[in-house]
Each structure stands twice: as C-alpha cells, then as structure tokens.
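A quick write-up on the structure given underneath.
Order of writing sets the labels: A, B, C, D and E. Residues in every chain begin at 1.
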Amino acid sequence: MTMFKSMSKSARSTFTTYAMVVVAYVIVQILANGGMITNSLTGQLVPICAYICLAVSLNLVVGISGELSLGHAGFMSVGAFAGVVAAACFSSSVPNDALRLILSIAVGGGCAAIAGFVVGIPVMRLHGDYLAIVTLAFGEIIKNIMNNLYVGLDSAGLHFSMTDANSLGMSGGTILINGPQGAVGIEKLSTFFAGFILVIFCLFVVLNLIHSRSGRAIMAVRDNRIAAESVGINVTKYRLMAFVISAALAGMAGALYAMNYSSIVPKKFDFNTSILILVFVVLGGMGNIRGSVISATILTILPEMLRAISDYRMLIYAIVLILVMLVSNNPTLKGAWANLRSRLRGRRGRPKVAAAEAAGDAPEGGDSDE
Amino acid sequence: SGSSSSSSSSSDSGSTATFKLGGIGPVTGAAAIYGTACKNGAQIAVDEIKAAGGDVIFDFNFQDDEHDPEKSVNAYNNLKDWGMQILTGPTTTAPCVAVSAETNSDNMFELTPSASSTDVIGGQPDADGNVSTPRKSNVFQMCFTDPNQGTASAKYIKEQSLGTKIAIIYNNSDTYSTGIFKKFTSEAQAQGLEIVSTTSFTDDTATDFSVQLNDAKNNGADLLFIPIYYTPASLILKQADTMGYKPKFFGVDGLDGLLTLEGFDTSLAEGVMLLTPFTADATDSATQSFVSTYKKDYDGTPNQFAADSYDCVYAIKQAIEKAGITADMTYTDICDKLVAAFTASDFKFDGLTGTGMTWSDTGEVSKDPKGMVIKDGAYVSM
Amino acid sequence: MSMLNVDDISVYYGNIRAVKGISFTVEEGEIVTLVGANGAGKSTTLNTIAGLLKPKHGRVEFEGENLASAKAHDIVRKGIALCPEGRRVFLQMSVRENLEMGAFTRDDSEAKETIETVFERFPRLKERENQSAGTLSGGEQQMLAMGRALMSKPRLLMLDEPSMGLAPILVEEIFDIIDELHKSGTTVLLVEQNAQMALSIADRAYVLETGTVSMSGTAAELANDDRVRKAYLGG
Amino acid sequence: MSRVSEALKPNTKMVPLPSDYIVPERDVNEIPVLECRHLGIDFGGLHAVEDFNLTVGKTEIAGLIGPNGAGKTTVFNLLTKVYAPTRGTIMLDGQDTAGMSISRASQAGIARTFQNIRLFSSLSVEDNVRIGLHNQVHCGMMPGIFRTPRYWKSEREFHEKSLELLDVFDMSSYAGITAGSLPYGAQRRLEIVRALATNPKLLLLDEPAAGMNPSETADLMQNILKIRDQFKISVMLIEHDMDLVMGICEGIAVLNYGKIIAKGTPEQIQENPQVIEAYLGKSREA
Amino acid sequence: MDFLTNLINGISLGSIYAIIALGYTMVYGIAKMLNFAHGDVIMVGAYICFCAMGYLGLSPILAVLLSIVGCTVLGIVIERLAYKPLRNAPSLDVLITAIGVSYFLENAALLIWKSDPKSFTSVVDLPSLSLFDGQLVISGVTMVTVLACVVIMIALTTFTTKSKQGKAMRACSEDQGAARLMGINVDSTISLTFAIGSGLAAIAGVLLCSAYPTLTPTTGLMPGIKAFVAAVLGGIGSIPGAVLGGVLLGIIEIFAKAYIGTQMSDAVVFAVLIIALLIKPSGLLGKQIKEKV
C-alpha cells in the first residue's frame, strides 16, 4: 500500500487498470472451476475480451488521438479473416494449438495494420466529421470486398478470387473464405486465457504508448494541432501512428473473435458493430482506458441480462444508453461526484491542488510525483 | 417470451413431465419477420399439443438473436442455462451455422426450421466435391437446402420450358441467396439453359433495382429468377411494373409471404412462380386450422417460416413418442435417441410443409417442392 | 433605487466556487468599474448578471426586478447588454450580419440606422463590412464585439476587458466611446485590466480579490489608495 | 523600467548597416538570425503583408507594432510557415525556409507563442514542456511501447530538462497540474516555456502581455530579458503595451496596412509623427 | 438511351437522398450534432402516413400533413427529452444519445407495427412521363420528389439567410452563449431546427416509401446513413450542398451498378466519395473554414 501511494498518479492509475483485469480474470477462473458461472456467461468470455481489445484500440484513435472513426469493424474484419486463413495454413506445420493461435492473431494484426496504413494515408488529410465519414466509407468498402472475396487452400498453396469459388482453380483442398457465406469450419482455438492475455497485451501497448514520447505527441496533436506543429511535431506521422496501431490491435481482436466461433460472415463487421465499439469508448470515457474495459464488459453482458424481459429487451437497452448519457452529463450529479472524489482524496491525504489553483494562488509545496 | 409454462402438471408418471424445447431466431432488427414467424409457429404447435393433453408436452422458450451469430450463440447458452433439452432453430443461416457447431460439440439435438445452407448440417461437398465441414450428426433441417432449391428450380424451369433466356437477381450479402444462386447457375448450365444476365444487390442497396432490371431487359431475358426474400422481391415487381418490363418471375421459398404483405398490390404478383413447400391458402384442413389460429393469435398470415417451425415441433414430438424418450433424460441421451428416430427408415412425418417427409443421415429433409403460380391473388399449383 | 443591485451572489463552476458573495450597486447614469487580478471573478460576475450563469445564492436586481428567473435572452430585452470577454463574434458571419444579430431584439428598420452610427464610430468595420468576422484581426474583432453590443441600444452596457489586445490609439478611442456613451445617458459597468484607464473614467470602483469584494469607493479614492496602486497600477 | 544595460548588447564592431536592420548598429559580418526580403501575402484581394524587409540580429530583442489588423500576426504566421508567402524569401540563420512545413520550421530554430493561447490544455504542465522538447530528446515508438532502457533514459532526460525550463519562470511547482486549469498569466508563461523547449534561435512572442496587469507585465519584461541572456537567442515580439515594448526592445518596426512605415530605436519610434498618427495616439506625444 | 435511363434513375434515387440529407444538414449545421436518429424519424413518418391512409382512410394529402405534424412533434419531444439536457456535453456523448434514440425508435416501431413489412401505397398519383416512344420513363414520384427537393432547398436557403429566425439559427450554430447575449432564445431556436428537420424527415419518408414501397422498422436506416454521407459530400451545413451531394450519390450509385458491376457497387460508391473528399476536403460546396492562428 505504501508503494502504491508513492507511485505517480499515472503509474497508480495504470497499476489499477492491470490489477482490475487480473483480479477479474482470477475470480472468473475460480468461479468457473467451481462450476459457479452460467453457460451464458462462459460463452461470452472470449467475445468480451475481444470487445475490450477493440474498445481499448478504438480509444487510442477516438480518445487519445481525437479523431472520430466509424469504421473500426472493418479492421476487425480484416484481422478476423486473415487470422482464419493463417490458422488454416499453419494447421499442419504448427501442431501446437497455442502457438498456432498466437501466429494467427499476429497475422491478423499484421494484415489489419497494413489495411490501417493504406486507409490511413488518405484519411489523414482530413479532419473532424469529414474524417469520420471517410472511415465509415472504408469500413463499408472493406465489408463489400470481404463479401466478394474467395480464398481457398490446397496443396499448391493459397488461391484468391474476387468473383466466385469456382474461379479459384483449386485442386482438392478447402475453401477458407466463401464470399458472403464467410468462413466456416473454423477451428476453435480461442480460449478465455488467450483472450485475457490479449487484453493485457492491448493495455500494455496502449498505456505504454500514452506515457511515451510518441503518445504525448499524439495527444498534443489532439489538443491543439497548430501548436503541436509549431513545436516541431510531424502531425501526420503521429496521427497515422495512432491509427495504424489501433487497426493492428483491432485486427488481433478480430482474429481472437473469429477463432471463438466455428463460422464468421463479413456481414457481422458492419457499421453497427463499429458503432457498438464506439459506444463502449464514449460510455467508458474518452481517453479513459480503464473506462473502456469496464464499459465494454458491462455493455456486452447487459443485453444478455435483459433477456428476461424478451420483447422489450432492445428497447430497454436503448433507454439505458440514453439515460447513462443524460445522467453522466447532469451538472448537479457531476458536481456531487467531483465533491465526493475530492473528499475521498482529501481523506487519503492528497494535497488538494485543484481548488487552490482555481482560486489563483500558487501552491505552496511541490507536487511533482516522480 | 413464449414460455407458456405451467409446470403444475407434475404428475407421478414421469412420461408426462414437460420437455424443455428451445427456439432461437431474430425478433428484433432487420430480420425480425423471420424469427417472429418461427417463434409464433412453434408456439402454436406447443399450445396445441398441450391442449390436446398427450404424454409429450413442451415448455417452450424462444430467444432473440438479432440475426447475429454471436448473439445466437449467446442465446443458445442462455437456453442451456434454462435447461433446454431440444433445440428448434436458429431461424437464419449464418447464426445457425455458428450455433450448430456448439450443439454438435454438446450433442444437443437441433432441428432448424429454416436455416437452409449446407454448412448448417455439414458433410456436404462443395463445388469441387470437397467436404469442408464434417457432418454434424445432431443437426437436421426442416427446409430444403439451398443447393437443393437451386437444382430443383433449374430442373423445373427446364422441364416445364418456362423460359429460354434467364436473368438472375440475387442478394450478394446473403448466404441463403448466394447459396441458391450458385447451385442454380451450375445446374442451369448442365441443363443447357441460357443465362443472359446476372446481377446482385446487398442488404445496404436493397431499395433501387432499376439497373438490375434494365440489364435483364436489355439482354432480352424472358424469365427472371429471383432467389431472394419477398421484401426486396416486392420492390422488384413494383419497379419492373413501373418500367413496363414484364418477364416471367420465378422464385424460391423465400418468396412466400408476398401475397400477405400488408398493402401490397397483389396484381403485381400475378403470374409469379415459386417453389415452396407451403402456402397459406392451401385448402387442406391442417393448413386452414393453422392459418386461422395464427390469424387469431398473432394478427397476420403465417408464412413458410411459421409453418416450418410448426412442423418442427410436431416432428420432434412424433420422434419422441416413437423413440420412447422421457423428459427426465439428459439432453445428450435425448439427442442420440432422436437422431436414431429421425434417421430410422420407417420414420415418416406429415406436416404442413409436406407429407411423407423423411430425413437421411445427412440431416437433409426429403419432401416434394410444390411449384406454385400466383393467379388472381392466390397460389395455384402448377 | 439603484439601477443594478447585486446582492451577495455566489457562483459555482461544478464544485469550484468562483464568486463568493459579491455585492455591489450601479446607479443609473454611472460608470462603475470592477478591477482585480486574473481569476478574481470579474467575468464570472458579469456573465451572471447577463444570465449566462446562475448564482447559487444571492440575487441580482435590475431596476427593482429580480432577474433570478429571467433567461439570458430576456435580460437583453430588459436593456442589459454584455460585450463578452474574448470577443465571441460570429466567425462565419459577415461584419454586417454580426451587427444585425446585435439588434436581434429590435426592429429591423431601426437597426439599419444604428448600424450606420456604429460604422461611423468604427470606420475600420465599414471597410470590412462584408468580410467574414473570422478573418478579422484581433483588434477588429474587439471593435466588432463592442459595436454589436451597442446595436441593442442597452441602458446598461457591460464591457468585459474591451481594451484587451488593442492598439494604444484604439484604447483611447474605446475609452472615448465609453465616455460618449456615458454622456448620452448609458450606464456602464466596466471590467478592465487596464486599471489606470478604467479608474480615470469611472465614477466608482470595486476591487475584487479571489471572488470577494475587497475594497470599494469612488474611482478617485481608489486610484490614490496605496494598496491599489501597488497591486493594479504597477507602481 | 530600466533600459537594457549596455553590456547586454553585442559588443562587436559597429558599422553602418543595410537599412533593413531594425537596430541601426550591427555587425555585418555576422549572419543575422532572420532575414526577410520582399515578403508578402495576399488573402483574396487583400495585401495583408507587402514588401516586408526586415533583419534581426543575434540576441536582439525586436518589437513589431502596429494598429490592429496591420498584419503583425500574419508576419508571424509567415515566419513560422503557417501561411506560405505569396512573394519573397525568409532566411533563418542563413538557411532559406522556402517550402518548409510548420514543424520543419520549428526544427530549423523558430519558436512562437500565440495571440490566443494554444496550450495542450488537457495535459499537465510538465507534459506540455516535454512535448516542446519533442525534438530535443529522442525515443522511438517501439522503445516507448516496450519500455527499453532507452525509454527510461529518455524519460529521465525529459523530466530533468522540463523542470529546468520551468524553473526559469518559477513554474516547477506547477508541473503536475493540468495546463488548462492554470491561471491566465501562468498559461502565457507556460506557452513561452514550451516554445523555449524547442531550443530555438529565434523566439516569436505574439502579445505576451495581453490580459496582464501592470505588475505582471513588469515581471514578464524581466523574464524576457532573462531568457535572452540565458539562452542567447533573439526575440521578436508583438505587443500593444507600450511600457513593455519601449522598455525592452532594442529595435522596433512599425507595420501599417501590411507595410513597414517606420523602423528604429524606441526613442526614434516614439517621436515618429507617422507612428503617432497611425498607432500611438495623442497621449503618447507628451 | 441506356445512359439517359440510368441518369434518370440516378436522379430519382438521388433526389430522395437529397431530401433526407436536407433534414440532416439542417440539424447538423445548426445544432452541430450528428442526429443518427434522423433515419428513424423518416421511418416513423412513413408509418404514420401508411396508417393514416390504410387504417383511418384519410386522403393522401391529409395523411402527409398528419405525418408532418406527427414527426414535427416527435422531433421536438426527442430534442427536449434527450438532446436538450446535453447542450453542454461533448459532441460524442450527444452522438451516442442519438444512437440510443435511434435504437429506441426502431424497437418501439417494432413493438407497435410488428416486424412484418408493409407495402406502402404511393401518395403520388401522377402518371409516368413516357419519352422517346416509351424508351425513357420518368415516374410521377420521381417528378414530385425532384420538384419537392428543389422547392425545399430554395425555401430553406431563403429562410436561413434572409429571415431573422434563420439568422438566429446560424448564430446558435456558431456560439450559443454569444447568441443568448444577442437576445436569442437558444432553446426554442434549436427546437425549431429540430421541428423543421423532422418535418422534412416526414416528407422524405413518405416520398422514399412512395418510390420504394416496403416499410419496416429498419427502413430508414440505410437511406439515413447514405443521406448522411451525401450531406458530408456536399459540405456539412450547406443546404445546396446537401442536394448536390444527394443527387450525385444517387447517380454514382446507379452508374456504378450499371457500368462497373452490381457486386462491387457499394465499394465504388464509397471510393468515389473518398476521392471527392480528398480533392475537396470540406465537401463540394462546404466552406473551407480555416482556423485563424
């Protein structure tokens, strides 16, 4: 506890985030071993992990880099299908399941990163809502391409076609991606443990990035582009960096997701899924990584919890969404919450800098944490 | 939900305990019509069976999947928590493919009313004769498989010489539609039919069909094959009419529902042909009583999804009775016995969607498609 | 009865109390100035009077009427105008349109005449009449903001740092204009960093410190007060 | 306010110089920090800046004044490459800056503050300075993510250097505070610190004293002098506060309608009738 | 002739996008929010009209009027309940709320009108125009839609640039605080914006369903997104831009299907959009607002 107290504010927050994820994992594992969790929850563990990764990665673009992206599912899709193809290709050469999963996730991430780079170059010329529209457009283009993509594997290697399965020119072998029918017969390699590791990996990448020179440059561009340029930051480079890393992580999450189901279809990765991920990010708080983790978890479980009210389920979900936004932006409640927090902090013996600052006095003691 | 559970009937003879029957399908979102129809159809069967008071009665629980494979698997797990012993569903193909993998590994008996892709049952060869997904021995279909419909349609068109120059409009973002389309084209070639125009659309562009229709018209197509659902089909009929293009229209089971579309000008559908196992205005008493109950309970006309789903429940009931299954068995035991019952050579089922239906161990149903043509706003056998 | 009576108001931003019980009055026909360091709460006070912020405690009375329930747009109609800190002109509208917006509460035909008088006061604005306000220089925008506030022909004009960022010659001009307005009967409540100028023109003044009134008196008294000289007049 | 001590002025050989030096006496052999020739920019039909010729020597404090809308900020924008000039050249320490981006110009040694404060307001004070140090301390993306020893070394360097810089303005006690919540005056100072962190040769200050009261302004003047002495850089500032301009600038250029109308020492400028007419106003005459 | 036919079809589809985009751009330009629920208001408008004609037996004109009134009220209610409390919230929070409203409307419609589609009876009873011996057919709905589109565009442009209320809207769009100081009632101005936007949505819904007559609770979704794209393509907040963007999008969509192929037409449409935005980063008729440094 003393060690915890002596950490800097950001280090403490980072630590809390990791600790939260690890503790949640351990609790779920213990409960699962005791047979104490439902099939329903068990079935959602891997998708929850995937959504956490997606939310965290999108937060890098939306919260940290400050660009509204409406096509995140596109990168998830690229990663998912690339991962599935990779897993099939490695099936004979890499007999170890875990290793094959890792390789497939890496391939998924890599392909999504390439897609992110290709998409990012034109996108980075735009700003604000125009950028949002172009990401939406790319998401739709990726979906349309996936709907027409046929991939087969036979002894001669991989075959690709954009017209139909017959034109793959296969001799024996299997069709891995079959246009709108997607990929079927996927080997279910993903496990909750793998999902947990991927979540930790995403947190590791994003949190470390934020607290590094590159991450600060990304945030500087968000806060004030012209000022960032004027201190010598290459704006395009850092916006692109955030975009590509985010795409790569989304691709990894996509691969994890795909290999949790025996089949996936391109339609799954549409605009609605992009929006869903965006909802996680906004509800969790822009730039708030821990918030993304929590909201992705809760919002994935929520519709399942609401099954009891059947017909009114989605209606209630919509109302919950609206109410959360209204409540979290209510000035009275916000003030009360801030009060509570500062009181809690005061009890912990933290200097209450903010208040003193607001009054315009210089603080007496130093407050440098590091 | 549709759980009309009244578990008060826990009499001492174990055989009258209720079976927990689960159903899955979209009741919200864009595909909600199909799931809702399945839910209602099954519910009617469950209620009838209960009212009849036999030994086999069901407790029915239908869960929404929003036409999303992930949600569908969630719904399946949720039903398992409820204690489901038999599954009828999911309604739509992509979710069903995902769920069938789960039921297969759990060994839960699954009979889908309407998911028609061969990926659902597995074990079917693709175009090259490869089997990409092994047979899921616990999964059966009540509807025709997509290739089946494609083949049957091409054959039918050839046999009846319905058209010489054929145009196709299919839904490129839909598994069902592409599945039929693919098989149809290869079978048409084999039959020597000439396909002059092939165009597609996606769920996102399912409003304007002028380009597709123009293409068909300009290539002189005299028969338009539309392996799609009736909602976009109604738009195609309307737009063809507006542009004064009058080919023959030929559709598959997805087209059923066209005539009962509220507000639809049925004269537009005059002469439309379709292969479907069920029509709501069939004159047999079973169909008529089903239709009138459906109208009474759900304020609408049942389509083929509802009928398939209704049949599913009765088929399961018949198999349970035949195999002497009791509700206190575990779902795996039930599954093994049901599989045996369904594939038994002497198992024949008469339902709304066909008579003398049998199932092979591939999971496919064998029933006769009925060629129907719309005349004076009603279906008439061809 | 005073024209404006601010009685013990407290204003919060979230849970930060920016104004902690300020009271003062403005009589009809006066120029009253509020001086104080950065963050003392001057702008917050003006924004509260204009109705953009609501006091948590205390009351603001204009001509005997409590403004507690009045919305910002009602307050304009009652004859109070605020030329806000940081100009806040409508960047995408032309100079003329900005001025027209200033006369939103008034008749269009009357507004036309007022625009001409504003153009006479600020010929630079006339030159830029159809340019969009966003491309004006800082000083030009300040002139526009002031011109816009005059458009509603207010009886109480509140100016929040009108000389900020202006060339010396314009600062003089602004103060000349304030003087003129005063002579023509407009009551002025002025907030200024340039305390020297402000005190030289005002009748009375209040000194604000971290959200409270620390001193008050006639402008001349305060201008000669040692503490004020030291803190705000640079010597 | 005390005049700049003679000792601070470069004690090189004084020779008559080309007319575009603001300060009349400069060493011609030394490469000036900034040299603008026939610089101009049009916005539509408006010649916002025209035929702007100016030379700023090393360690000089130059003032740029003029009525509102004269084009002063536009000149800064041209120098820092926010706008591309329609005409003319800008030489920075002997290097032509044509075609440079804003960030390249910064790397070439020009730093600025803004008329409307532009801080990274959601980040801490220290982070603002660290971002200023972006091109002074290096650590790539991968070492940053995987926290190699190089990362820790660079972070230490960032920390030390930024505190050092904040100390110049007595701001190190603010290090952990969010920049947006700083009092106004402190925000202005932080902007200057951040600009200094880019290790410039020439620092441009756009109305640094705006919104400050006289005592704050006096502090600011001391600080500007201190910066120049400590970092040996040139400073060019725009300001409407004549106490400040006349107090610390060694040379002043006056801009009106985009053209330079006068150049010279504060004394010369104060007496220039054209400047009085256009800018200073009558009260300054006395 | 083929080309002409495609062009006409493109304009016909595009003018529907354009009308939806007009409503979008109104709300977007003035309240500065992406009202993702706009598409769903369209759907509600079409349902009201459908019910009015089908169940109440009203004449098409009355049904359309009822639908406009209904949607206007709905728009104001949504604004008051869901968006007004978020006036000072970050724009993405408002976006999420709009998505919530969209889900809400969709699911409420599903409960009220059930999932089975309705076939909409066209409110336009004009004969088709047949040119070149019937080789080129322009339907009555197309003509009405194009006309409505132009009329609405002109009316809205005049309203926002000339009328006092219109100018108040523009002022609110820039700086609500400053607008208050001008004596503008910001709340009622924004309500008015929503009222107009929703009224337009009703018209759009009726015309959309008259041209493409299936009506389900998700009918408004795709046209809504397409119209949003059209509004951005034309330049956010620009009224003529919305029309131009909508019509162009329609034409591109039809041409892409006709000359490039139906399978990849979505990709082509969006690719054209991207290229257009790269060439003109603020939309075709959007003003390039450079931040003054």
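Brief remarks on what is shown
Rule of thumb we're sticking to: a residue touches a chain if its C-beta (ideal position, glycine included) is under 8 Å from a C-beta of that chain, and two chains touch if they have at least 3 such contacts.
All figures in this text were calculated on a predicted structure; none of them were measured in a lab.
Taking the definition of touch as given, a chain qualifies here only if it contacts chain A and chain C alike; those chains are D, E. Comparing chain pairs B-E and C-E by the number of C-beta pairs in contact, the larger count belongs to B-E.
Averaged C-alpha coordinates give centres for chain B and chain D that are 75 Å from one another. Chain centres here are Cα means. That of chain A falls 37 Å from that of chain B.
Inter-chain centre distance (chain C to chain D, centres taken as mean C-alpha positions): 32 Å. Between chain B and chain C, the centres computed from C-alpha atoms are 74 Å apart.
Across the assembly, chain C contributes residues 37-39, 135 that each touch 2 or more other chains. Residue positions of chain A touching 2 or more other chains, listed in rising order: 140, 144, 147-148, 226, 311, 314, 331, 354, 358, 360.
The set of chain E residues touching two or more other chains comprises 107, 110, 263, 266, 293. Those chain pairs judged to touch are A-B, A-C, A-D, A-E, B-E, C-D, C-E, D-E. Chain A makes touch with chain B in their complex at residues 38-40, 42-44, 47, 140, 144, 147-148, 164-166, 170-175, 178-182, 184-185, 188, 261-268, 303-304, 307, 310-311, 313-314.
By the touch rule above, chain B contacts chain A in their complex via residues 1, 27-28, 63-64, 66, 68-71, 73-78, 80-81, 94, 97-98, 100-102, 117, 119, 122, 126-128, 130, 132-134, 172-175, 178-179, 182, 186, 202-204.
Those residues of chain E lying in contact with chain B across their complex are 2, 5-6, 9, 12-13, 50, 54, 107, 110, 114-121, 128, 134, 137, 139, 212-214, 216-218, 221-223, 253-254, 257-258, 262-263, 265-266. Within the complex formed with chain E, the chain A residues making contact are 62, 68, 122, 125-127, 129-130, 133-134, 136-138, 140-141, 143-145, 147-148, 226, 271, 275, 278-279, 282-283, 286, 311-312, 314-315, 317-319, 321-322, 325-326, 328-331. Remark: chain B residues 27-30, 32-33, 35-36, 172, 199-208, 210-212, 214-215, 218, 231-232, 234-235, 238, 242-244, 257, 261-265, 299-300 touch chain E in the complex.
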